[in-house]
Structure formats: C-alpha cells, structure tokens
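Paired with chain B in one complex and with chain C in the other, chain A is shared by the two complexes that follow.
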Partner chain A sequence: MIELNGVKKSFGKQEVLKDVSIKVEDGEVVVILGPSGSGKTTLLRSINFLEKADSGIMKFKDKEINFKSPKKKDILYMRRHTGFVFQNYGLFAHKTVLQNVMEGLVQVQKKSKQEAQSIAEEVLANVGMLEKRDSYPAQLSGGQQQRVGIARAVALKPDVILFDEPTSALDPELVGETLEVIKAVAKTGITMIVVTHEMSFAEDVADRVIFMDGGVVVEEGKPGEIFYKPKEERTRQFLSRIIPQDAYVI
Partner chain B sequence: MSFSISSFLESLQSAISYVPVTLKLTAITFVVSFFLGAVIATVRYYRIPVLSQFFAVFVTVYLGLPTMVALLLYNLLFMTFYGSFATFFHIPVPISEVNPIIIGYFTLIMGTTCSISESIRGAFRGIEKVQFEAGYSIGLSRFRTLTRIVFPQMVPILLPGMQNSLIGLLKASNLVSAISVIEVMAGALLPSLLYYSYLEGYVAAALVYWLIGIAIEIVAHYGEKYSGKYLKKTA
Partner chain C sequence: MGNYFSAERFVHIFPKVISNLSVNLHIVFWSMLLGTVLGIIVAVLRIYRVPVVSGLLGIYISFMRGTPLLVQMMISFYGIPIVFGALFMQLFGINLNRLDPVIFVEIAIVLNEGAFLGEIFRGAITSVPAVQAEAGYSIGMTGAQTFYRIVLPQAFKVALPHYGVDFIGVFQNTSLVFILGVVDILGKAKTLGAATGHSLEGYLSAAIVYIAFSLLLKGAFLLAESRMKNGTAKNV
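And now, the complex of A and B:
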C-alpha cells in the first residue's frame, strides 16, 4: 500500500500541487487523468523523488517518509522498491537492450550475471523484445524502446510501477502495441499508478481513476463512474473535450 | 643557409632519445588533469556550495594565464622560496638536487585541468536529463549513475576535445625547456649547440612532434568510431 498525504509542491511562485492526498492499495491499478499542468506528472515523480515535493507525508510498506526532509536512504529505498517508465523511454543510450534490463539486476540487486541475464531474457520475451536483445536504443522504434523501458522496470520486481504518460511520445500507430504490453503487466497483479491520456486504456485496465486539475484531486472513482457519471462539473468539461460526443460510428 | 643531412640526423637521434621525457610529461599531466578536471566539472555541475563558486572563479581567472608566464612565475617562486620551505619542513634535499620537471608538471597540470574541466562541463550538457533520472529510477546512487551511465556516454562527446587538449599539451610540453628540463625540443638542439646547426635542430624537433601528434589523431579517430557505435541507427 502506498499513501500520500497533504503533498505540496511549488516551482517558484507557481503552486503545482496544493495539498494532494491519494491512497493506492496493493495490486490496484490507478490511472491519474487531468489536463496538462494539473500536477499529475509532478505527483507521480515525487513518489520516487525524481521531483522533491515541498511537504507532505508518504506511507509505503512500513515506512513513513516526510517530504520536507527525506533521508538519503529513504529516497534510495523508494527508488529500489518502485519502477518508473518514462515518457521519453529513458533507455541507457550506450547499453544494449539486454544490458539495459540487466543493469539494475546486477548493479542494484547484486544478482550474478547469469541469473540477471536469464531474468532479463524472460522479461524481454514477455514484451516481445527478445529478438532485439543486442540492439542499441537508437536502432529501435519508439514503441520498441518503450517496451524495453517497461521490461527494465518490471525485471526488478518492484512493489509498484509508476508510468509517466508512457504512450504520449509515440507515433499513433505504435500506441496500441505499447498499451497491450502495459495491460499484460497489469494482469500480473502488480500495483500500478499510470498517468495517461488514453481513455479506453483507463476504462479497460484501471481499478480506479483519479481526476486532477489545478494541483488538486477533483474526483476519483471507478472508471465507469468517472467517465459516464462524473459528479464534478470540471470533470465533465474535461471529459467532453477528450471523449468525442455524438461521434458517428461507421 | 645550408641544410646538413648529417646534422639533421644527429639532431633527430638526439630528439628521439628524449621522446620518453616528453611522452611521460604529456601522459601523466593529461591523466592527472583529466581526473581533476572531471572532479571540478562535476562539482560545478551539481552546484556544490562554496566549492563550485570557488572553482568557477578560479577556472575563469586561470584560463587567462599564458603557460609560459605561469611556468616562469612558478619557477621564480620556487627558486626564491624553496630554501625556507625546505628548512621549515626539514627537507634535506638541496635545491640543486630537485628536478625542475616538477615545476613543469605543476604548471601543465594546472592549465590543462582548467581547460579539460570546461570541456567536461560542456559534455554534461550533452547528456539528456532523463539518463540521470533513469539511473536513479532503477536504484543507482548518484555516484554510480555518474560512473555507470553518464560518464560512459560522455566519451564520444569528449573525444574530439580531448584529442585537441592532448595535442595542445604535447606542444605546450616543450615550454618546460625554458626551465632547463631537457625534452624533445631541447634534445634536438643539443647537437646544434656544438655545430650551430639550428635549422636542422628545429626541423628535427618539428618532425618528432608532428609524428607524435599524428599518432594521437589516429588513435582518437578510431576511439571516436568505436565509442560512438551505439549512436548509429543501424547495427
């Protein structure tokens, strides 16, 4: 279980997170929606301290971490128990696909090279990238790179995987294959927090949807409730722009 | 002015016999400067308080100091103060026994460190922020993110500049002949002192520097090709 309480964060004078609290149960898949600038990515990034929130409390497993003064070992603890999938993939450019997935297994989890390699190969096979194991990231399409990015996060068997708009940088025709891989990961029962704009993905996969706007959580609930019976006017406005209304289906 | 082949060969032979001095001076200076330059650039990149400001001012000021001026200045200071320094620390070595090459090392290391630190600072900017974040996200510490992810990716960015620094250093190393260290340049002129064959001496020295310089360029060329292979679109 991961619980954030009263998280605040400002960039200069601009308040990006104004007292945000969320709770994610073990095994739950939570999708965070919201317009750009709503603070959803900042919230996600503050969980593993890629962004340093100004204040708030995070409860994770048996730890309680104060965002105001996180200890170095707490930051490392969070990073070693969470996986992160970047919008721009963030594969290590100088390492092959296999080396990318093995890096954390060998360097952080201190597994032997053989063991790390067999884990990496298994995970790469699951995302359909085993054939490309010896390619460098520059030789792969965006969708392929993102699948490796997902494999790298999954291979470390984190307690929770954080996805930061994993399909936003992809060509439209590559979005599908990447979402399929994320769905498959979700089916393994791992806890996931996903920031995305993919509505149908949210509807299919999410146990719960959180709608954020202007640095606060506006509304949360089951995808069906949020999408079809939103309680808040702001949610309705946002959705009406994203889900085509009265669309002709041919 | 006549050109004597035999004097030239004599100068060349003498110059070649001092190649190890020049190479050692260049190589040690380069390695030490690279290490120190990397430390300075890293400190400045992470804006470590006090130290980064200090280095910023120091590097800016020091880069304006010509190597020859620095060399003669340090040499003068050394000559003047070594006596009292040695007495204070009870160093039993008289000044005549101290190899002046240490002044050469000091001068070259100071200057090269400053210029290399600027190159490395530039290379930091060539690395995308997400590479750092990806390292952190899999649980690598800051130090290991640097050594395992960031520094290796700097190699292809740094190589052209480092080749430049190394050749510049090779050429600057002959300045130490001004404080009576004998290296390739001074070595080539040793026979000239006897026979007044200065033209032959200078040409011999030029030839030796030129050959070493070309060797460095060839090595750097292949290094660049190899280290940047992951950047290519096709395998």
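And now, the complex of A and C:
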C-alpha cells in the first residue's frame, strides 16, 4: 500500500501540487488523468524523489516519510522498491538491451551476473525483446525502447511500478504494442500507478481512475463512473474534449 | 639553397635537438595529468553551481581563455616568486627564485588547462540526457553509481576528441617555454643556431619532431576513439 497525504510542490511561484492526497492499495492499478500542467507527472515523480516535493507525508509499507526532510536512506528505499517508466524511455545509451535490464540487478540488488542475465532474458522474452538483447537503444524504435524500459523496471520486482505517460512520445502505430505489454504487466497483479492520456487503456486496465486538475485531485472512482457518470463539471469538460460525444471508438 | 642549409649539418644537429624532447614530454605529462584533475574539479563545481565558487570560476575561466598562454607563463614565472617568495622561504625554506623555471611553466599550463578542460568536461557531462541519470536513480542506484556507471562513460566518449585536440595543443604550446629559459627542443635549436651561425637546420629538426609527435598523438587518440565506437551505437 502506498499513501500520499497533503503533498505540496511549487516551482518558483507556481504552485503545481496543492495539497494532494491519494491512496493506492496493493495490487491495484490506478490511472491518473488530467490536462497538461495538472501536476500528475510531478506527483508521480515525487513518489520516486525524482522531484522533491515541498511538504507532505508518504506512507509505504511500514515506512513513513516526510517530504520536507526525506532521509537519503528512505529515498533509496523508495527507489529500490518502486520501478519507474519514463515518457522518453531513459535507456542507458551506452549499454545494450540486456545490459540495461541487468544493470539494476547486478549493481543494486547485487545478484550474480548469471542470475541477473537469466532474469533479464526471461523478462525481455515477456516483452518480446529477447531477440534484440544485444542491440543498443539507438538501434531500436520508440516502441521497442519503451518495452525495454518496462522490462528494466519489471526485472527488479518492485512493489509498485510508476508509469509516466509511457506512450506519449511514441508514433501512433507503436502505441498499441506498448500498451499490450503494460496490460500484460498489470495482469501479473503488481501495483501500478499510470499517468496516461490513453482512455481506452484506462478503461480496460484501471481499477480506479484519479482525475487531477490545477494541482488538486478533482475526482476519483471506477473508470466506468468517471468516464460515463462524472460528478464534477471540470471532469466532464475534460472528458468531452478527449472523447467527443457520439464519436466512433475505433 | 647555397650555404643556408646543408644536409650534413642537419644530420649532425637533428640528434642533438631531439635529445631535448624529454623536456617537452615532461611538461606535457605533468601539465596534462594535473590539468585533467583540475579540469574535472572545475567541471563538477560548475555543474553544481556553488554560489560564490561558481562566480569565481567564471572569472578564472575568462581570464585563462582571454589571455595568451605566454602571458600567463610570464606572470607565473615572474609573479609567483615575488608574491609567495617570502612565504615559501619561511614555511619550507625554499627559495622560489632558485627553482627550475620549468615548474613555473607547468603551473601556468596546469591552470590554463584546468579552465579549458573544465569547459570541455562540463560540456561533455551536460551532454548526457538528464533522463538517463534519473533512470539510474529510479532503479535504486546511488548518486556515485549513477555518475560513474551511466554519466561518466558517455561523457568520456563525448570529451575524448576535444581532449585529443587539446592535448596536441599543449604539446605544441610547450614551444613557448624557451622564452623563459627552459631549453626544450626549440630552445636547443635556437642555442645551436646561435653557436654555429646556422639556424635553419635546427629549426627544421624541431619542426620535424613537432609534426611527428603531433601525428603520433593524433593517431593514438583516433585509435582510442574508434575503439570506443566499436562497442556502442554510432549515433549516441
């Protein structure tokens, strides 16, 4: 279980997160929706301390971490128990696909090279990238890179995986294959928090949808409720622009 | 060419000139070694933007890049003994005026290289996309692990060609030192020229040594670069 309470963050004078609280149960898949600038990415990055939130409390497993003054030990603990998938992949450009996945297993989890390699190969096979194990990131398409990015996160067997707009940088035709991989990961029962604009994905996979705007959580609920019976006017406005009424869903 | 040049004298003088190459190599070795260390420190301090230090480094770098190396050597050679002479005498009993001039030359080049290499290294480090460092953190690596395993290897590759050019530049700049009385290959050529009344053979010898060694260095760096490229993708 991961719980955030009263998270606040400003970039200079601009308040990006204004007292955000969310709670994610074990095994739950939560999708965070919202327009750009709503603070959803900042929130996700704060969990992994890639962004330093100004204040708030995070409860994770038996830990309670104050965002105001996180200990180095706690930051490492969070990072070692969560995986992160980046919008623009963030693969290590000087390492092969296999080395990218093995890096954390060997350097962080101190597994032997053989063990790390067999784990990495298994995970790469699951995302359909085993054949490209010796390629470098620059030799792969965006969709392939993102699948490696997902494999790198999954291989470490984190308690939670955080996805930051994992398909936003992809060509439209590559979005599908990447979403399939994310769906497959979701089926393994791992806890996931996904920031995305893919509505059909959210509807298929999410246990719960959180709608954020202007640095606050506007509304949350089951995908069916949020998409078809939103309570808040702001949610309705946002959705009507993303899924136009009477449009064909292909 | 009449009496200006004789192959005989050239053959006679060439070994004498080349025998002083060790002076140039000594300068290059120490300048590059210490200059590289200083450059890394400068780059890291600049990247972390330490408030006051950063400003001072800015001034230091513009001074080093905005004045000729020869002027810096002169200031080092004549200035350091005047300013620190009494202090060194008191503390260590060292008379700075008696020190080998080569040391002041090396101090000047090290400080000069600290600025130039600092900028090369800084550029190389910042050229590695920030998201890769974040990815390193996200898989639970420490800051040091991320720097040494993710950022540095890639920055190294970016810096290497510039470093090679700079290295050869330093080698050629060692020719300035004879003005301060350090007898390197050029100094030797000039001395021999003055003694024999035939200077062209000596200077030609020096030129040959410079170009041969520069090409050697260039080849070595190109080899190193191609070695690095083999392991990784071309457009990284």
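Definition applied: the second predicted complex is superposed on the first by the 247 of 250 C-alpha atoms of A that agree within 3 Å, B and C clash if a C-alpha of one lies under 4 Å from a C-alpha of the other, contacts with A are read in each partner's own complex, and residues count from 1 in each chain.
The rule we apply is simple: a contact is a pair of C-beta atoms (placed from the backbone, for glycine too) under 8 Å apart; a residue touches a chain by one contact, two chains touch by 3 or more.
Computed from a predicted structure; not experimentally measured.
On the superposed chain A, the positions of chain B and chain C overlap enough to count as a clash. In the superposed model, A:99 lies in contact with neither chain B nor chain C. In the superposition on chain A, A:83 makes contact with both chain B and chain C.
Of the two partner chains, both chain B and chain C are touched by A:108. Of the two partner chains placed by superposition, chain B and chain C are both touched by A:136.
Residues 48-50, 76, 79-80, 82-84, 86, 88-94, 103-104, 107-108, 136-139, 152-153, 156 of chain A are contacted both by chain B in one complex and by chain C in the other. Within the complex formed with chain B, the chain A residues making contact are 48-50, 76, 79-80, 82-84, 86, 88-96, 103-104, 107-108, 134-139, 152-153, 156. Within the complex formed with chain C, the residues of chain A that make contact are 48-50, 76, 79-80, 82-84, 86, 88-94, 103-104, 107-109, 136-139, 149, 152-153, 156.
On chain C, the positions that touch chain A within their shared complex are 129, 131-132, 134-142, 145, 149-150, 153-154, 157, 231-236.
Chain contact summary for the complex, chain B toward chain A: residues 128, 130-131, 133-141, 144, 148-149, 152-153, 229-235.
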